[in-house]
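There are two complexes below, and they share chain A, which is joined by chain B in the first and by chain C in the second.
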Partner chain A sequence: MRLEIGKINITDIRFAEESKIEKGILYVNPEDLKPVVLEDEKLVDVVFDIAKPGESVRITPVKDVIEPRVKVEGKGGIFPGVIAKVDTVGSGKTLALKGMAVVTAGRIVGFQEGIIDMTGVGAQYTPFSKTLNLCMVCEPAPDLKQHDYEKAVRMAGFRVATKIGELARGIEPDETCVYETLGIKEGIEKYPDLPRVGYVSMLQTQGLLHDTYVYGVDAKKIIPTIISPTEAMDGAIVSGNCVSACDKNPTYIHQNNPVIEDLFAQHGKTLNFVCQIITNENVYLADKERSSNMTAKLCRMLDLDGVIVTQEGFGNPDTDLIMNCKKIEAEGVKTVIVTDEYAGRDGKSQSLADADAAADAVVTGGNANEVVILPKLDKVIGMMDYVNKIAGASEDTLREDGTLEVELQVITGATNEMGFGLLSAR
Partner chain B sequence: MAKIKVVHYINQFFAGIGGEEKADIPAELHKAEVIGPGMAFNTGFGDEAEIIATIICGDSYFNENIDAVKAEILGWVKELAPDLFIAGPAFNAGRYGVACGTIAAAVQEELGIKSMTGMYVENPGADMYKDKTYILETKDSAAGMRAAVKKMTAFALKYAKGEKIGASCEEGYMNQGIRVNFFEKERGSKRAVDMLIAKLNDKPFVTEYPMPDFDRVEPNPAVKDMAHATIALVTSGGIVPKGNPDHIESSSASKFGEYSLAGVTDLDADTFETAHGGYDPVYANEDADRVLPVDIMRELEKEGVIGKLHEKYYATVGNGTAVASAKKYGAEIGKRLVADGVDAVILTST
Partner chain C sequence: MVKELERAGLPVVHVCTVTPISMTVGANRIVPAIAIPHPLGNPALDKDEEKKLRRKLVVKALGALQTEVDGQKVFED
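On to the complex of A and B.
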């Protein structure tokens, strides 16, 4: 499968009468977007705002981050099975708005959303302090249950991102990247001497607001399968979860999966990137066993020499991570796993909830329990009502001087387990 | 700014007194003297720090009279009150390494004075003391003195000034078993790809997180006589009386709570809720029995299947909570349950 990604660099976002993209500037009329959000009666109001890198702005509680894209050639549309029809995506041409993101926010669960600071210490840890963020704070209808609120905000974010992505149609990209994987036989013929490498991506599916969707299917209910790595670039995998902000994979990171990008960078040079294997992180033991068995079997059937396994979340999914690693290694396939750590505020605890000698090659996104002090910022997009309750905070988080004492856990993307960031630990 | 005051510890060999034949000399304090490798340190310190005293001791004497000599040296160091205590570097000299580790660790622990040493990774002193003081990694022989002093000097100044000490791999000290965050030069995915390529080609690579020895607990044998047993409920699912009176955190809990079940037959939405931040709380808040099954336990009690339900339950939040904290709460809860004569516990998670 061959996909071209045309990158349109967005250098500013401004509110204006007419929604359009011109000379790299995204002009948005919130009145155009409001009806897109409020078409769902579960949401009664939405406030749009813009946060720019370096501004004294805090966005919280953050639910998802999405990159607007539009499909201009080839089958299907962005977010297949969710927004577009379920055609198989991942080939043809897609335009992406780089340097910006749609950020959804709201008091969904209150303690399972995150913080994005556009300046200060917190900004060093979140990748989304470097993007121009079009934020949408969504108000629920009265008495809406959290899971209905989550779904409504999730879908509203995709609708808005799609609408903005459409503005890119017809615009000449600043840069084009081509990603192509070959069929099994083709790949072996073309790269007979290169090791065959796969990417096992574990999707958060613990349920109860910890879900991920693939072509609109709740990934709890999938049996591990293979997809082309370019499918995720067209939004085939979307986030629907409210887990600790630091190590959940927002939709943006699925769209810009760094493991896929970095494997493509070596594709045809030092390795043959064969495919992405998606599996889940269910809570029942039988599901864990089945999924890890299937994943290991797929690695064997595809004659892979090596895989990178990435995780989402922590604790319970650590057991899936170790099971996958152990079983894949037992098939003779070399693995590297990517995780983060919960080693306690003092860094002295065991970092994962499971361990095995087979996991001898680990990349870590850092200790999520590390405490940082976030400065008081001038403006809040969203609300501060939950900063003392958010996962990684405590009743003493909001201090008298307005600063916040928090674990990195609260910061969206801080210890990302797809290796999106530079943070690590030893 | 006043110069940082440093006390330096070396053995008889590096003091130029002699080799093995002089290894039995007792400890000596040389105030205002800079001896042996101390000269190189002092030069490296420039205007920022100075060695105010050098302590010399024979390696055999130190190791054979460890308690007495330790007390003697601690007495001197206490009086000198330096900002930093440096021992060695000891390279691969075994007894010297142990002496450096012992005295550096003691100065830090007993006097609260910052300490550090340097040695080769296979020096027996390294494994013994690397989690008790900063041990900078050096070559295996004194041929590596210049590099060792350079590394130790830079670290000493940073440490003594109270600057943030980064991760072991950045600073060159031996990992203390404490996880320290830092920013790498390449993003994680790139590091993973590079590591995989190395692994596939049988080239060396260094894992970023060596697997620990995992602490597995064997379950106790089954309870034979349930009909007369007192059963307690303990949960990491965060079920607390409404309003979360102890403010147990939604993640990374700093405490557990002990709550009464006296007279409670059923948990309902008006009286109990969850404090847990790791799952959709709707169902637990609607009916907390779903996580802490008090209703079923009361039925079993009534039917005589169990003797009785213990009148107190314990709850914490098992979400991002450090294993060390969980272990501490478990031990304390266990102690209280045993004291109350509880026979068995049902642990519920989420």
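On to the complex of A and C.
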């Protein structure tokens, strides 16, 4: 499959009469977007706002982050099975608005939504302090059940991102990147001497507001399968997650998966990037066993030499991670696992809930329990009502001087397990 | 908890969903539970069926508690 991503660099977002993109500036009329959100009667109001890098702005509670894209050539549309019809995506040409994101926020759904600070200490931890953020703060209908609220905001975010993405149609991209994977036989013939490498991406599927969707299918119900890594770039995988903000994979990161980017960068040079294998993280032991069995089997059937495995969330998914690692290694396929740590505030506790000697190549996104003090910022997009309640906070989080004492856990993307975060030991 | 109680001389059964973690941390008597969000029951069942399920689990755990083990053992059905 061959996909061209045309990148349109967005340098500013401004509210205006006419919604359009001109000379790299996105002009938005919120009145154009409001009906797109409010077409779902479960949402009764929405307020749009813009947060720019460096501004004294805090966005919270953050639910999802999405990059607007539009498909201009090839089958299907962005977010297949969710917004567009279920055609198989991942080939042809897609335009992406770079340097910006749609951020959904609003009253809390569960207790695991996040914070994005555009300046100060927090900004150093979230990758979304670097994007121009078009924020949409949604107000649910009274007495709306949590799972209905989650779905309503999730879908509204995709509709708005799709509407914004449509503005890019017909615009000449600033840069075009080409991503291509080959068929099994073709790949072996073209790169006979290169190691065959796959990417196992574990999708959060614990249920109860912890879910991921693939072509519109609730991923807890899938048997692990293979997809072209370009499919995710067209929005085939979307987040429906209220797991801890630091290590959930917002839709934006599925669209811009750094593991996929880096494997493509080496594709045909040092390795042959064969495919992406998607699997889940379920709450029944039999599901964990079945999914890891199937994942290991796929690695063997594809004659892979090595795989990179990424996780989402923490706790019992650590067992899915270790099962995948152990079983894939037992098939003679080398693994590198990417995770993060909950090693306690002092960093001295056991980092993962599970372990095995086969996990001898591990990349960490950082310790989610590490404590940071976030400064008081001038403006809040969303509301501060929940900062003491979200995972990684405590009843003492909001201090008298307005600063916040929190664990990294509260910061969207801080310890991302696809390597999208900013933490490094170097 | 399991290990500390055993160290104090009390036999312990660890009823848990993710038995591999229990194996990793070193429990000796392990009884598999239902699911992570509802280890000791199943809200999908009706009340009578669920009661049977819960009773079965408790009886099994009590049985495990009285069983001599030589190292780690998962009490499957």
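Rule of thumb we're sticking to: the second predicted complex is superposed on the first by the 420 of 426 C-alpha atoms of A that agree within 3 Å, B and C clash if a C-alpha of one lies under 4 Å from a C-alpha of the other, contacts with A are read in each partner's own complex, and residues count from 1 in each chain.
By definition in this document, a residue touches a chain if its C-beta (ideal position, glycine included) is under 8 Å from a C-beta of that chain, and two chains touch if they have at least 3 such contacts.
All figures in this text were calculated on a predicted structure; none of them were measured in a lab.
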> With chain A superposed, do chain B and chain C clash or fit?
Replying inline: clash
> Which partner does A:P30 contact after superposing on A: first (chain B), second (chain C), both, neither?
Replying inline: neither
> Between chain B (first) and chain C (second), which does A:G268 come into contact with in this model arrangement: first, second, both, or neither?
Replying inline: neither
> In the superposed arrangement, which partner chain does A:G92 touch: chain B (first), chain C (second), both, or neither?
Replying inline: neither
>> Just checking: does A:Q206 make contact with chain B only, chain C only, both, or neither of them? Give me first, second, both or neither.
In response: both
>> Touch test for A:G347: chain B only (first), chain C only (second), both, or neither?
In response: first
>> Under the stated touch criterion, which partner chain does A:S244 make contact with: chain B (first), chain C (second), both, or neither?
In response: first
> Given the touch rule stated above, what does A:Y284 touch, chain B (first), chain C (second), both, or neither?
Replying inline: second
> Given the touch rule stated above, what does A:A355 touch, chain B (first), chain C (second), both, or neither?
Replying inline: both
>> To test your reading of the overlay: chain B has the stretches 56-64, 200-208 or 218-226, and exactly one clashes with chain C. Name it.
In response: 218-226
> Same chain A residues contacting chain B and chain C, which ones?
Replying inline: 206-208, 353-356
>> Using the touch definition from the top, list the residues of chain C that touch chain A in their complex.
In response: 17-21, 24, 32, 34-37
> What part of chain A is in contact with chain C in the complex they form?
Replying inline: 206-208, 283-285, 288, 316, 318-319, 322-323, 353-356
> What residues on chain B touch chain A, complex-wise?
Replying inline: 167-169, 175, 177-193, 195-197, 199-200, 205, 207-215, 247, 249-252, 254, 277-283, 318-325
>> Quick check: in the complex, which residue numbers of chain A touch chain B?
In response: 109, 111-112, 124, 145-147, 195, 197, 206-210, 242-244, 258-259, 261-263, 265-266, 270-271, 305-308, 310, 314-315, 334-336, 338-339, 341-357, 359-370, 389-395, 407-409, 416-426
